[in-house]
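What follows is chain A paired twice: with chain B in the first complex and chain C in the second.
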Partner chain A sequence: MQAADPQLQALERSTSHKRTFYRWLLFLILGVFGIYYLTPMYVMIITSLKSMEEIRQGNLMTLPKEIIFDAWKIAWSGRGYDAGDVFLRPFFWNSTKMVIPAVFLSTFLGALNGYALTKWRFKGDNMVFLLFLFGCFIPYQAILLPMARTLGMLGISNSITGLVVVHTVYGLSFTTLFFRNYYVSISDEIIKSARIDGAGFFKIFFKVLLPISSPIIVVTVIWQFTNIWNDFLFGSSFSFGEAAPIQVALNNMVLTSTSVKQYNVDMAAAFIAGFPTLIVYILAGKYFIRGLTAGSVKG
Partner chain B sequence: MATLKVSNLSKNFGSTQVLRQINLEVSDGEFLVLLGPSGCGKSTLLNIIAGLETLDDGEISIDDYVVNKMEPKDRNIAMVFQSYALYPAMTVRDNITFGLKQRKVSKEQTEKSLNHFSKMLKVDQLLERKPAQLSGGQRQRVAMGRALVRDPKIFLFDEPLSNLDAKLRVDMRAEIKKLHHRLGTTIIYVTHDQIEAMTLGNRIAVMKEGDIVQLGTPREVYSEPVNRYVAEFIGSPSMNFIPVTVEARSGKKVLTLTPKGQSSVEVPAPNFLNGHEGREVTLGLRPEQITNLPQWKDAIDVHSIKIEVEVTEPTGPDTLVFTEINGASVISRCHPENMPEDGAVMSLSLSMSNGVFFNPDNGERFQ
Partner chain C sequence: MFYWLQKNLPRIVISPSFAVILWFVYGFIIWTFYVSFTKSKMLPRYDFWGIQQHFRLWSNMRWYTAVENLLIFTVLFVVLCILIGILLAILLDQKIRTEGFLRTIYLYPMALSFIVTGTAWKWILNPTLGIQKLFRDLGFTDFTFDWLVNREMSIYTIVIAAVWQSSGFVMALFLAGLRSVDDEIIKAAKIDGAGLYSIYITIILPMLRPVFMSSIVILIHISIKSYDLVIALTAGGPGTSSDMPAVFMTQMAFHRSEIGMASASAVMMFLTVLAIIVPYLYSELRRQDASR
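The block that comes next holds the complex of A and B.
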């Protein structure tokens, strides 16, 4: 082999330098944005671990001199005296009692809707789907009053049951959309085959379709869980006092304290209120991405 | 064991008529193929027979019993689909026995049928696998097992081989035929592949735009097509269509064939063209009827013709020679040895006894 052309060597060197430079630039930019996004969480966590004294004296960004969990204890189970003591524990369970049935019901009904709309076509089915889609775009504020009337007539206003109903109804548009788009990509021949084999509407749904729906179930559950857990508008409009979900309680806790602002307790409480959605996303996040794209490519 | 009768069946999708007054009788143990291009209504007809689609007019009876309003599961039919349509979440075993479980067949009976048919279809080693872990051919076998195990009166196949690769398709084709011989069940088979239709069917129904154009044995649709559409659809390469004029020459009717750049040949016209003197008709000749293969040597009505070779296509067993006669491009099937160069002149024999004639106006055959 001949010695390489010096010009080519120079070109190769400069290309490799350029590549290294761009790589570092890329990581630098990614790093800056990463820090930018994580800073609020960092401030929340360190503030919640400081004493009020330290918060007053120190800087927002400095690490605590001594790690104290008192603020977390107060946020979760209160100070131990009766009057005016708001803490999250009972409301956390309120939210749990609301979110589990609401997520389950809206997901299940959405799956059933999606199945019927794609595999048991009927006259006007596209119109029905369009109306469902329309539900996705109705601003929640617009239905507050009629919904309050309805809940009142049903006798379930200011109750967890009422909130479950509201969230199930308003989740249906989205869950139906998710499942309909997923089932559209599944071959109709499978359903035909099951019909000839003698299975009926529900048998096909439970035995044939649901077992292959896990990607879209995960997507729907994450979506519904996050929305319902984080909801403040419905919670604050249709419930108060002891029946309130955690987001409403958090608001009351932070805004209604009469004495000095307890920043450490507020931060801990906010973190507790956001914790379940964080866990759900971390556990099922990779299925979320997979499920979102699953319907788009066949096979 | 069953017969099927379809009478005056019509179906519309909105304002488009997809099936027009279909009449069809399938006898016990017969293998009937519905053949046609996509969009001709053949799959819709099959779905209606299965009960998966409703019909707008007409009647379907199985064993002389009208089943129009019966659910698919009660018609005692089984169907094999193009996409196999296996249940993705179930094992092969559960896939095959799903139908039996719905019908509350006893455990022993289920197990017995499963063993019998999984062995017959060579899927007995795969029973615990999921469909995703199977090859295309294996999936198709499982799909057939699922149909067979129920011992239905009629089997419906909807393009079952279209998703397989070429070699596997030929193998499975032979297996379906063997299966039919062995079980002797009534089969209705939908395909757009004319070779599948020719090789498998006892009878073929050639369909076009919602009509059955011709219903006959493979030999009939091949050599006696009722019109140009059937002639064109069946056979590969397709039949040659040569425009000729019927001429009266000293008391006889003759046709003149003029290969490009060569001298004309006059051949006698068949009697049924009497009365069409001076008129242009379309002569249909299969590629094997214009050949240098020795088979025509002693046949009657064979004429020698010189043609110019435009291009040749060796297929292995024989070579296709492309040329032009009366301005129409013509393919001839020749012996693969001693092929002349492109542009050379070669001598072929042309057998008129199997030639067919079509009316160029409406495509109907003269006979």
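The block that comes next holds the complex of A and C.
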């Protein structure tokens, strides 16, 4: 908020010492908050690299004297014995198998819905959109019990398929909202000229609209990926045992670790479960934030 | 026939999704409402039982704990997130070079799941080896921090972890709001001799009223649905001291065979969300209409 007016410059020069002081204060506060946000991640990583003995001797912040990866091995592939050995590898793949079809289906259907709602206006389309939109806001507790029964009746409870269906269904509201808001801002002229050229509904969608939709596709895919990967409520309500997604497995692992608590293994496991979404955030933060602000009132 | 098909193609394309939404959102909500008026225990029963389940719910001590905790949590969570969010947004808006980097750091917890957050904070707040040991090692030998296992304080540990996770997001909302404020207004106020502090308090923050509104609505919405974080951090304990409505609902539904009462509690959650969202959406839509 600095200005280049000569009046202001004179004003600013007179207070330049004060300004330097405030500048330092500014960076101090920002830095302190940076440390506040980073500390849990730091604690997680160093704890996962220590032995349990060192954890008991040192404290949260002390760096490991010797870096060992045992906890990571145990968290990922277990200790090698059968009974009560919970580790993340199979559940990581469960989540992967769940997230890919669910993200693809919900994004594709959302794009198609958004297109039909904005470029082929029909009577009652606003009402239809409003009913979709409302689905973003419902607390999922209100649909949990009937969903559990429905999955049971369809014979897909406690399965990856069941979770794909659930995440696709409750993702539709968000994906439709995202694409609808994006397509509203795209000029109808492009569609009109394509129609004059004789292109139909689907041809316009695939040949004209989809090629210019990449920003919103990225936003939607990241939003859906993050939410589905991080989901715990659906995962824990509709699956258990072998079909559980990774967040459920992580929670079980932390709860059921035998006799002595293995904090280093817990931290390694937490990091593994958080890693995919963290990477997406670091690589595509801009799109991540855009999705957050567009769909933040999540069910 | 072909003409009819072509004319109605958009409706045909949207109808499967629409039917799914009607059934899985609206149909299911109606089902939950109805079941909350029945005697359902382990299995749903469909003979009408009046408001008995709601009566049972509101005479259940555990539900009171959950509602009380929700109130405590919501007030602290909303106030702290907004204070931290505004502070960081204003500081980041002072044209500093490392803005992008700092913003990335402030917001990364949002990418983690509540289960990951809960697991990390459970270890940090651990009464024996966590923060307590850290401070004792630093020389404060009497330092005690046992909130995680303290009935009176356990709900506050959830506030701590939740604020850590969500405050960066509020920062992002306010930063976007600040960016839309016209620089000319600030320049004019500066020439009039107003200090930066009073410019923010009297001019800029009042202009960000819509951002306040949406942040508050979003944060309340998050707190009503709080489930994962409670499960990962305290599992509602010790005892039921950090119970929340969402935890209560799943407990009754899946562990206590109280489908009727679980539905009644879900209805309460739904109505609370409705009471907050409908006026908000209404005012948002009106604002958009007015600006058109």
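By our rule, the second predicted complex is superposed on the first by the 272 of 299 C-alpha atoms of A that agree within 3 Å, B and C clash if a C-alpha of one lies under 4 Å from a C-alpha of the other, contacts with A are read in each partner's own complex, and residues count from 1 in each chain.
The rule we apply is simple: contacts are C-beta pairs under 8 Å (C-beta built on N, C-alpha and C of every residue); 3 or more make two chains touch, one makes a residue touch a chain.
A quick note: this is a predicted structure, and the numbers were derived from the prediction, not measured.
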| item | value |
| --- | --- |
| Simultaneous placement of chain C and chain B on chain A, clash or fit | fit |
| Partner chain in contact with A:Met61 - chain B first, chain C second, else both or neither | second |
| Chain B versus chain C, judged by how many residues of chain A each one touches | C |
| Chain C, chain A and chain B - angle at the middle CA centre, rounded to the nearest 10 degrees | 90 |
| Which superposed partner A:Thr47 touches (first chain B, second chain C, both, neither) | second |
| Partner chain(s) touched by A:Asp197 [first = chain B, second = chain C, both, neither] | first |
| Lowest inter-chain C-alpha distance for chain C and chain B in the superposed arrangement, angstrom | 8 |
| Chain A residues contacted in one complex by chain B, in the other by chain C | none |
| Chain A-touching residues of chain B, taken from the complex the two chains share | 47, 50, 52, 71-73, 77-79, 81-83, 85-90, 98-99, 102-103, 146, 150, 158 |
| Chain B partner contacts - residues on chain A that touch it in the complex | 187, 189-190, 192-199, 203, 207-208, 211-212 |
| Touching residues (chain side chain A, partner chain C) in the complex | 1-3, 5, 7-8, 11, 26-27, 29-30, 33-34, 36-38, 40-41, 43-44, 47, 55-56, 59-61, 109, 112-113, 116-117, 120, 122, 128, 131-135, 137-147, 149-150, 169-170, 172-173, 176, 200-201, 226, 229-233, 236-237, 247, 250-251, 254-255, 263, 266-267, 269-271, 273-274, 277-278, 280-282, 285, 288-289, 292-293, 296-299 |
| Contacting residues of chain C [partner chain A, same complex] | 6, 9-11, 13-14, 17-18, 20-22, 24-29, 31-32, 35, 44, 84, 87-88, 91-96, 102, 104-117, 119-124, 126, 129-131, 133-134, 137, 164, 168-169, 172-173, 176, 183, 186-187, 190-191, 196, 217-218, 221, 224-225, 227-228, 231-232, 235, 245-246, 249-250, 253-254, 259, 262-263, 265-267, 269-270, 273, 277, 281 |
